[in-house]
Each structure stands twice: as structure tokens, then as C-alpha cells.
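After this come two complexes, each holding chain A, first together with chain B and then together with chain C.
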Partner chain A sequence: MSTKFITRRTTLKGIGTGLAAGGLAMTGFPAIVKAQSETVKIGFLTALTGLETILGETQLNCFKLAVEEINAAGGIDGREVEFLVEDDQTTTKGTIDKARKLAFQDEVDAIIGMIASLEHVAARSVTTPAKKLLMYTTYYEGEVCERYFAATGQVPNQQIVPTTKWLTENVGKSVYILGSDYIWPRRSAEAIKNAFEANGGKVLGAEFFPFGTQDFGPAFDRIRAAKPDLVWMMVAGADGVTVLKQYRSFGLEPQLVGNAWDEIYSFAHPDLAEGTISNQAYFMGIDTPENKRFIEAYRARFGADKPINAIGEAAYDATYLYKLAVEKAGSTDVEKVIPALSQVEFAAPQGRVNMSAINNHMRCNSILARAKADGMWETIENFGQIDPDIPGCSL
Partner chain B sequence: MSAQDQISAAARATARDATFARPKFVLIAAGWLVLASLPFWAGAYNIATIRDVLLFGLFALSLDFLWGRTGILSFGHAAFFGLGAYGMAIVTIKLGLDPASASLLGLLGGTGLAMLAALVVGYFLIFSGVRGTYLTIVTLALTVIAQHIAIGWSEVTGGDSGLIGVPPLTFELFGWRYALSDPSQFYWFVLLLASIILLVLWRVLSGRYGHILTAIEDNELRARTIGHHTDRHLLTVFVVSAGIAGLAGAIYATGTGFVAPDMIGLMLSTEVIMWVAVGGRGTLVGPFIGAFVVWWLQQKISSIDTKLWPMFIGLFFIAMVFLFPNGVMSLGERGRQLRARLWRRA
Partner chain C sequence: MEQGVTLILNSLTLISILVLVSLGLAIIFGLMNVINLAHGEFVTIGAYTLALTQAMGGNYWVALVMAPLIGAMFGLLIEKGMIRYLYEKPTSIILATWGLGMVLQQGLQLVFGAAPQRVSSPISGAVDILGASYPAYRLMLIGFSILIILACYALLRFTRFGLDIRAVIQDRSMASALGIDTERVNARAFALGAALAAIAGVLIAPLTVVIAQMGINYLARSFFVVIVGGIGGVGGVVAGSTLVGGLEGFMNYHLPVTVSQALVLVAAIVIVRFRPRGLVPA
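After this line comes the complex of A and B, so read on.
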């Protein structure tokens, strides 16, 4: 995968900018020209190096596409959108440094992006006290309730709950959970357990593995003994490939379900992904004019056969929702934009979307799909938009 | 007082005068004044980031005290920094104490936790004669273990997403409460603390104790033969060094307001080694300069090219090692060396 990113051209470009940086450093780095008030300034902060690089790349492309489209159509209320891209390195220190830079030095109007939980935690430690709008575009545990934080990805009640209902009605009532050992799989496992029990189902076992686990055999033996109808996987990163390969070679029968599988994964490993079930707010296979146009524009800009996933599409939606909210508010003043966010709606590639006023989370769509041999996902059932539920949140 | 003592006292006095007259010290003093006046002319962004750089500099200083003076390279220093940060977070968030006493207890708890860990690990390693590369490898394991605990023990540490809600440093003396929530005051507090620790270490190391440590680094067996308890000295340095790292970590956590597993991890352990190496090992001021230079380069280059910047940072380190193996602090000497070489040739 990494070879795709460091081509000769990007290397040359990189060396060029490196030299330029050296040159600038020598001459004392001219202050970045202050943004004229005619432009709207958006900071894009995500993981472009580190663990989540492949996801960050797609997310950035979708954001760029949205900005370019908005500018081509006359900007936000006639104001051009200017954007700055920063790499948070998937570390807290990197995220804090860059969030500070965007908020205080570049004085952006909003910050969009981020993938891992630690990134939004670190970024919020800067943006919330500074009263900057932060838009997070990844499905996550869904536990943040803050005025200056908005999310356009799915939370458990939009993803796990409808999936479980369908599975218990159509596939089976017993499930075995395998996940990586960190917060997202552990919290999701709790949500899965609650959802299964609410539907008369049962969790037969849940196991969490440290990163870098090589042998899942013992767990598979236990699965074979437990005889579940379903195996729900939340094994992240490279381990996710290892676990699937071994699952296939063990010849286990239970239907595979996951809530992090998307096109980025299935395009890279179509043979492993085939037949698995996943739920996302967006799949490339959605048959709407908006989605067709979106995919065409993306491919024309970034290359054919490039996968787009739900995290990327959520970044695209976030950018448009921000545009519409600024237009509705008639200003980039964050205190006016935030209430306006829940008053606008956007015909997104995933379908119609808008924000909930009580928790600043998006009414995402919920699409259950099965991976095909070519890496695309075939919709099993589209549950449509679901109200996000953040327990105890009322903004 | 014998004649010899008088001579050496006089020699030391002239040496000290010479030390203060050296341009490097004038530069350092000027740099300190610039730092002290920062809140008057710099914006919120610079105050907050320079404050963090100072804290990382203090962290680097703690490693330099160990590595620069005893030759023991610790690959586990982030474990101590992280223990300080986590100690602070757990005391202030989980125990439900009054904010004023919680801050102070957090500082003590975090620093104490780091020192305790260093004492236990150091005792078994140093007193059983583990030295050099082996010691480095064990410290490497220490940081890996610490990170695993930080991620795995989620009821206490918050796991992967850490603990949120560390309050700003608050002190209460005789009913007079003082919260360092104002950025400038917090900044000055950090600057003052870092300066005091730097001065104390410099004072201690330029005296007899510094010579003992140098002797241990040169040849521990010989130092032991002439009667120094080398194990005890090394353990003391190790524990004090861990304490400073823990203190820096605890204060850092109050600045960010949260802790996360990568504040305790291997990545930070290697970064701190880079800061010391770039600044100049054994120079004490160097680690601060190293932390600043590396931070500044990372900030600038990563904003210019978000994808390839790690490559440039890597090239920079390689270039540093070739051109200035003793770090930024040796720029002057290195220049003189090169000039002398040219002079001889001419």
C-alpha cells in the first residue's frame, strides 16, 4: 500500500518543498499573510502519517473535493473557501500542536477531520476552550456531548442496533465477538451485547487481542466449541487481515459481521472480505444520482478504481453542512453557525442528511451490506436516516 | 588551608569567572530574558506551545542528567514522564478531592510514582551489575510495559482514550487559593521551575558530585576501587532523573487537561533521546534547545508537506550526527575546530 503514496513525483515535489522550507527558514520565514475576511478558512486535521494513513488519505481527498466543488460553485455566500491541511501523526502531542496552530495561529473558522478516538480527544482539549467548531467524521463510540463538537459519523444506535435487529431476525441469535484490545471494540462489544439481548439473542463470548497478535487459532477452537450463528469482528489494522486469513483457513462456518469493514478494506482484500456483512452510513454501491456524480467526480480528480469509504464521505458531508450552516447563519461566527447546523440539510451521496439539534451528531443513514467478489458492497437493507442517541446529552 | 588548596581554589575561581564570561553564557542569559518576556509580546498560541516545549525540555534535561553524566542511556524515560502525567490525572480525576489539594497531591503523587518505579527497577538492575546496552534494553521493555498497562487497565487509566478533565494547577496556602489557569502565569511558573531545576543540577554537577559521576562514567571499577559507592550514586541519579521526568509529565497533564497512552509510550522515549542528542548530550541547557529546534522543525516542515515530512526530519538527524555529533551546543567549538584546521593547512 505504502508504495502508492511515495511515487517519484511526490518525492520530487516533497524534496522541492523541503528545499523551499530550507530557503524560507534561512530568510526568516515570512509571516503567513493574514486571511482577508472575504475568505472562509477551514482547517483539515487528520492522520496522514502513522497508523491510520490510508484512511486519512481518502478522508482528505473527499474534503478537498468538497472544497473545490464549493469554490467552483461560487464559494460560501460568495466567499472563497481557503483550507489548510495538517498532519496530526495519530498522536496526542501532534494533534494538540496542530490543533493549536490551526486555532490560534491560522485562526481558522472550523476544523474538520480526525479518525482515531485519541485524535478527537486531543483536538477537543484545544478547540473546546477556544470555542472553535470541531467536526469529527468517523463512526465512533458516541459519547461526546459538547457544544463546539459536531460529528458526522455513525454512533452505536445508528450502526450496531439496526444491524443486530436484522441479524437476529434473519441469520441467528448467538454471536461470538473478536476484537482488538482498545476502547472502540470494547465499547462496541457492550453495545452489541445489549442489542443482542434486547432482541432475544445471546453473546457466547468476547475476546480482545493486543495489537500484533499472530495466532488466533485458540480463539477459533473456542468458537468451534461454542457453535455461534455469527462471529462479529472488530480486529483493527493489519491484524484484521491476519485474523480473516486464519478464519478462512480454519474453515469456520458462522456468518462474519463487522462494523469497521468498508471499501478501503474490501478493495485491498476482496477474497477475504467476500460474503462478510457490515453496516456503514455510506457504500459506493448506493444507487442514487448524487452518489454516481460523487464517485465520478472523485475518480476524475484522484484516479479510477480508488476506493471511497464512509469516513471519507462523512468528511464530504461535513464540509457541505458547514457551508450550508454558514450561509444560513449569514456569518462564520461560531455561536451563530452551531445553531444553524441543525437547520440545514444536504442531499449527500449516502442520502439526505441533517444534524440533530440536541447533540450535534448527524442523522446518518444506516446501510447493511454484504461484500461481493469485486470488493463492492451489495445493500441488504437500507434502514435510512436514524436519530443519533447520545445518552444524557441535551445541548 | 594548605598551599595546594589555595591554588586550586584560585584556579576554580578563575575558571568560574571564565565560565560566566564565555559568550555561550551571555547567549543563554539573553535567551532566558527573551523567554521571560514572551507573554508580553507573543500571542496565546506561542505562549502555550513554548510552555509545552519548556516542559519537554525539562523532560529532556532529566534524561541528559542521567545519560550525559553517567553514560546510562535510558530508552524508558517516557515511562517516568507518563507515570507523572497519569499519576496527576488519576489523583485529580479519580479520587474526587478538593481541587486545591488535588493538584498538589497529584504533583507529589505523579512525581513520587515515577521515582518509586525508578527506585524499584533501578535497584534490581544497578545493584545486580546490569550496565550499558543491557540496561538500555531493560528500560526499553519498561516503557513498552508501561504503555500496555496504560492501554489495558482501562478502569483506572481510561485505556486507549485516556483520562479527560485534569484541572489546571491550583495551590492553596493558608487559605489563599491560586489557580494557574491564566496562560501567562502558568507559562512563568513553568519557566521558573525549569530554570531552578536547571540551575540546581548545573550547580551540583559542576562541583565534586559531577566529578564523581564523570569518574563513574569513565571507569566504574576504578571509581569503586577508590571508595565510591558507585551503585548508590547511579541509583540516586536514576531516581532523581525519573522524578524530574515525572514532574514534567504531571505539569504537562495539567496544561493539556488529559492524558493518553502515547504520553507514556516508546515513541516519546525515542523523541526525548533525539532532543538530547540534537541539543548536545551532557550540556544541560542543550536539551531545552534540542527540544525547541526539533519541535520547530517538525511544526514547519510538517505544515509544508504533510506526507513526506518524517523523511526530512530523518535526514536532518542524519546530517546532525555527521556535522555536529555533539549537538547544537557545540556549534561554537565545532566552528573553532574547523577554523583551526583550515589555519593549519594554510
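After this line comes the complex of A and C, so read on.
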């Protein structure tokens, strides 16, 4: 292949990149030689079909944006980033098959992505024994403590706990939980229960529904009878829209809270989302230069009125943190990259972020917000960066 | 009392959804014996018709009229372009329609994106029935499915087209010998099935998420309803939907949803064991 040769054009390009970096022009030159020899290979694994399709597209776009920016700025330590995208179909089997392909056939340096918890469980069953770095970018139930697993989404003490404290002080003390029937809603319901009880509140009921449930009517009847102050929804992916539509049509009173709601839902259905409360590490309304630039770049690349959500922003952050860690380690060797991950920090759209050394989880921001009529979220309280707490974890 | 009323209404809603999505399949699978795995996508096409109509400023009722026409057109195209070459090869039909379903899903996603489509219902608010307040749209849905059941029954029972279809099903070669254009009957029946699915899509859309993959939720269930109910026509669909929807609706009040769905499946297996031709065989 022509990548072995230093052509006039690539040399000029390399010098150009070096010059663009201003005073760093000198470091640009040796970098070109390296770029000719090898690339950094990242596998992006997520749900592009199935239940989580509505979230996968944005997450993939954010990842692509990060890679394109990194390459445009000279790659990772002068090495170009090459990526492969695989669709896990939001299924356990699909995830295992695709994780195997990325790890053993494509021999990627790291895998980023995934949405539903069943995906990270399945992917870890491949990547952890294979000693491949897996970076998960969705808020989840926490609880994973593995050397080769890193998470850039919120865990309960960064999301559920501060939200619950605010809710019990400002809205009400009783809650009814509706969720999809799998690990994330079930384990998060436990965290919600503990958090409410710690604040003198109470969970009046919790119900879990299989994927693709068509009618939530019976559950709404029970909610009406239980008279909670709050209804907390963790119905995942596309089903989250169905349950919201039906909740609104039944005209139920309790304040809606959800830790999975974001711009993907509120842009598609602003009328249904208006007034709901959610907590994410990122909302588009954040007023910082980093975020403004991020949104502008995203929209220039993918379309003017497209929503961006926390899962996508976390994928963007994960890609940059990986880049910084590889540069810090001076190698893509996973044993060197992992310790380096907690030594770098990134001025992310959500604010400054870095990783905890003891559990490989990101010190995410925690923003409590309410959906407005135009689909944007208005901050109620920004709790800032919170140290992730994975009980019993010390890596 | 109040809870009893909502229990019945919730069950009726579920039964209506099942009837709507299964009627088209009862004609295509039950009557024509075509295992159409793209049936869910016909429902999706109906829902997208509503989303597109409303996005262009049209109202719900326009979409309700447009959807069956678009559905029928699609059905006709697919029958003429694909299915008619495969009537003698049932396994090929399974593969071909499965592929077709994927093409339609991804095609819709390419054109409209992965985000859920916005649809709004023509009526909102709740109605008081015997002390229980119930969403007006759900009552409308129940009403429409009763109308559609009656219309289908009348069509198959009292019209020349219905007579032709029944004749072709009973004995294709004899029907042909008697001067019935069986190819034309096939094409029309397939188009009718697709049109019914598309109407179902419009009616269901305000209650559910409208995305390119939404059809998957209906495919397995509609086969299930048709097989349990009996491959015989409208009666079988009503019986199957009532059993599945009613049982699930009732059990949902006492058991977790996941468990009640599993139990309905078990009940269906038992029924099919003792009544292999379904509750209301032809």
C-alpha cells in the first residue's frame, strides 16, 4: 500500500498540520514518519438497530466527530485514527459476536460505545478476558469494577442520589417506579429506593415491562390508586416514547422524573416531555465556549436542528480521553493506557472531566434539569463534577 | 366498580390493537397461506403516512384515508414484483419477505432518520364512563376496530370479491376452471391485507413510538393471534385477539407484565395442542 511511502503530498500535509499547531511546528515533523507506519484502531460498537436505535445514531455521530477532529489536528501522537463501526442490534448475542469480531479479527486497540446495560454485560464477557479496553458511554447502574472496563457515563451516586435529594426536598417524598425489565432499571430501582429512604421518602411500587410492551394502562391504574408525588420512569429506548405518550393521554398528575430522558426524546416530542425532570451529565443548554463550539461543529457536520444528548457527549469525551491517555502513555499498549486514563483531563462540553483511578469511572458532571416547551432543558441545579462511587471497588 | 371499568376498557384497547394488526395478516397468511414476515412493516408504513401527512400540515383524518391507499399500493407492487413468483415456494416467501422487511426498515430510517416521528391524535382528553375517566382516543380506537371488523366480515361474506377469495382458497384450480381470475384475486387480497395493516398503523401511532423498527413489535404477536384464533378469517382473529388480549389484560392486574405475557404464551400452546386448527377454525 501507498501508506509505506512518504509522498510529496502527505509530507506537505504533515508540515501543514505541524504549522497549524503554531509553536509546535517542530513536533509535527517526526510525527509524519510515524503516521506512515501505523494507525490507532478504535472499534465503535453500539445499537444501530433494535430498541436503542433512536440513541445509537447520535452516539455514533459524536464519536465520528471526535475522531475527525482528532485526525484533522494530527491524530493521536501523530498516528491517524482508523475506526470500525459495528451494530450489536441491542441484543446480547449481537454484542458478543461483534465484540469478538472487533477484538480478535480486527484487533482494535480499544472499543467504545454501547447503550443498554445488556450490551456492556455481553461485551465485557469478551473484552475483559481478552484484555481489551472497553469504554462504555451511557449512564448505568454502576457496580462494574474491572481493570479493562472504563465508563464515561454517570453512575447512581452521580445521578440518582443528588436528584433524589432535590426531589424529596422540593417536590415530594413518595415515588412510583416504571422501568423496562432488565438489569439497568432493576438495579437502578434499588438505588432509587435506597436514596429515597435515606431522605425520608418512600417507594410505593415498582413495575418492570418487557421490551415492546404495547399497553401501560394497567400500571397507570395502580399509580392512580397509589397516589405518589412522583413517577420515576426508566422505560428504555423507543419504549420510553410509548410510555410517555400513554402517560400523558391518561392525564396523570404526579410529577414525571426519569434518568434516561434527554434531548433525543424532548426534540422528537417536546409537548410530551415538557415539564419532566431529568438528570444528565450534559445538556445542550450548557453555556460554555467548549459546548458552543461542540454544538456548532456537530450541526455543521450532521444537520442544523439535530439533538445531541449526554450519551453522545460521553462518547465524544471517551474518544478524547482515550487519545490523551495514549499520548500520555506513549503507546496503545492497554497495560500502559489504563493507568494513564486517570492522569489526563479533558475540557469537555459538559465541563472539565477526568477519570477516577480507583474504579475507571469518569468524574461526570451532574445537572438536574426540566424540559421546556421547545425541547431544550432548563437547569434546576448543577451539582458539578461528582466522584464516582463503585462500592467495594479498588483497582 | 371504577377499577372494573378500566380493567375492561384496558383489555378492550389491547384486544383492539391485536385485532387491527392481525386482520391484514389473517387474509395474507390465514387465507392466502403466505407467511409474510414484512407484515409489521406494512403497519409501520401506515404510521409513517400519518407522521408525513401531519408534518406537511394535513390532519389525522386525511392520513386515515391515505394510509390504506398507500398500503394497498405497496401491497400490490410487492405482490406483482415478488410474491406472485413464489406462491409454489413457501420457504422462499419466508426469506424474501424477511429481506423485504429489513429493506423497508432501513429504507425508512435512511429517509426519515432514526429519531421517533411526531404524530398527534385527533382527539385528546378523557371521557367519564361509569365513574372511571378514560382517554378518549382509546375509546375511538376501540370503536374503529369494531367498525373495521364488521367491514371486513361484510366484504368477505357479501361481496363478489369476497366470494372469489373464498372460492380460490377452497379450491384454486376449480375456481380457475370456473372462470375466476385467480391471479387477480391473489393480488387484490394481498393489497387488502397490506391496506388493513396500514390503517392499523395510523390508528396505533398516537399510542406508541413511531420509528422504522416499530413493526417488529407486531409481527410475532399477529402470527400468534392468527394461529391461536384459527386460520379461518375474521372470526378467528376476533377470537384470538380476545383470548390473548383479554387474558393478558386481566392477568396484568395481578401479576408482573413479564410473567403474564409468558403465561399467555403457555396458555396458547396448550390451546393449540388441543385445538390444532385454532379456536374458530374455518
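In this section, the second predicted complex is superposed on the first by the 346 of 395 C-alpha atoms of A that agree within 3 Å, B and C clash if a C-alpha of one lies under 4 Å from a C-alpha of the other, contacts with A are read in each partner's own complex, and residues count from 1 in each chain.
Here, a residue touches a chain if its C-beta (ideal position, glycine included) is under 8 Å from a C-beta of that chain, and two chains touch if they have at least 3 such contacts.
No experiment lies behind these values; they were computed from the predicted model shown.
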Considering only touches as defined above, state whether A:Pro210 meets chain B (first), chain C (second), both or neither. both
Once the shared chain is lined up, is A:Ser117 touching chain B (first), chain C (second), both, or neither of them? first
Kindly classify A:Phe267 by the partners it touches after superposition: chain B alone (first), chain C alone (second), both, or neither? second
Examine A:Gly330 and indicate which partner it touches, taking first as chain B and second as chain C; both and neither are also allowed. neither
Once the structures are superposed on A, label A:Lys101 by its partner contacts, choosing first (chain B), second (chain C), both or neither. first
Kindly classify A:Asp181 by the partners it touches after superposition: chain B alone (first), chain C alone (second), both, or neither? both
Quick check for you: in the superposed arrangement, does A:Thr49 touch first (chain B), second (chain C), both or neither? both
So in the superposed three-chain picture, is A:Thr91 touching just chain B, just chain C, both, or none of them (first/second/both/neither)? first
In the superposed arrangement, which partner chain does A:Ser125 touch: chain B (first), chain C (second), both, or neither? first
Overlap of chain C and chain B interfaces on chain A (superposed complexes): 49, 181, 210
In the complex formed with chain C, which residues of chain A make contact? 49-51, 53-54, 56-57, 181, 207-210, 212-215, 217-219, 221, 225, 238-242, 245-246, 249-251, 264-265, 267-269, 271, 307
Along chain B, where are the residues that touch chain A in the complex? 43-45, 48-49, 52, 148, 151-152, 154, 159-162, 164, 256-258, 260-263, 267-268, 295, 298-312
Inside the complex, what are the residues of chain A that reach chain B? 5-6, 10-11, 13-14, 17-18, 20-21, 25, 29, 48-49, 84-87, 89, 91-93, 96-98, 100-101, 103-105, 117-118, 121-122, 125, 181-184, 186, 210
Chain C - residues contacting chain A, complex: 3, 6-7, 9-10, 13-14, 17, 105, 109, 113-118, 120-121, 124-126, 133, 135, 137-138, 206-209, 211-214, 216-217, 249, 252-253, 256-258, 261
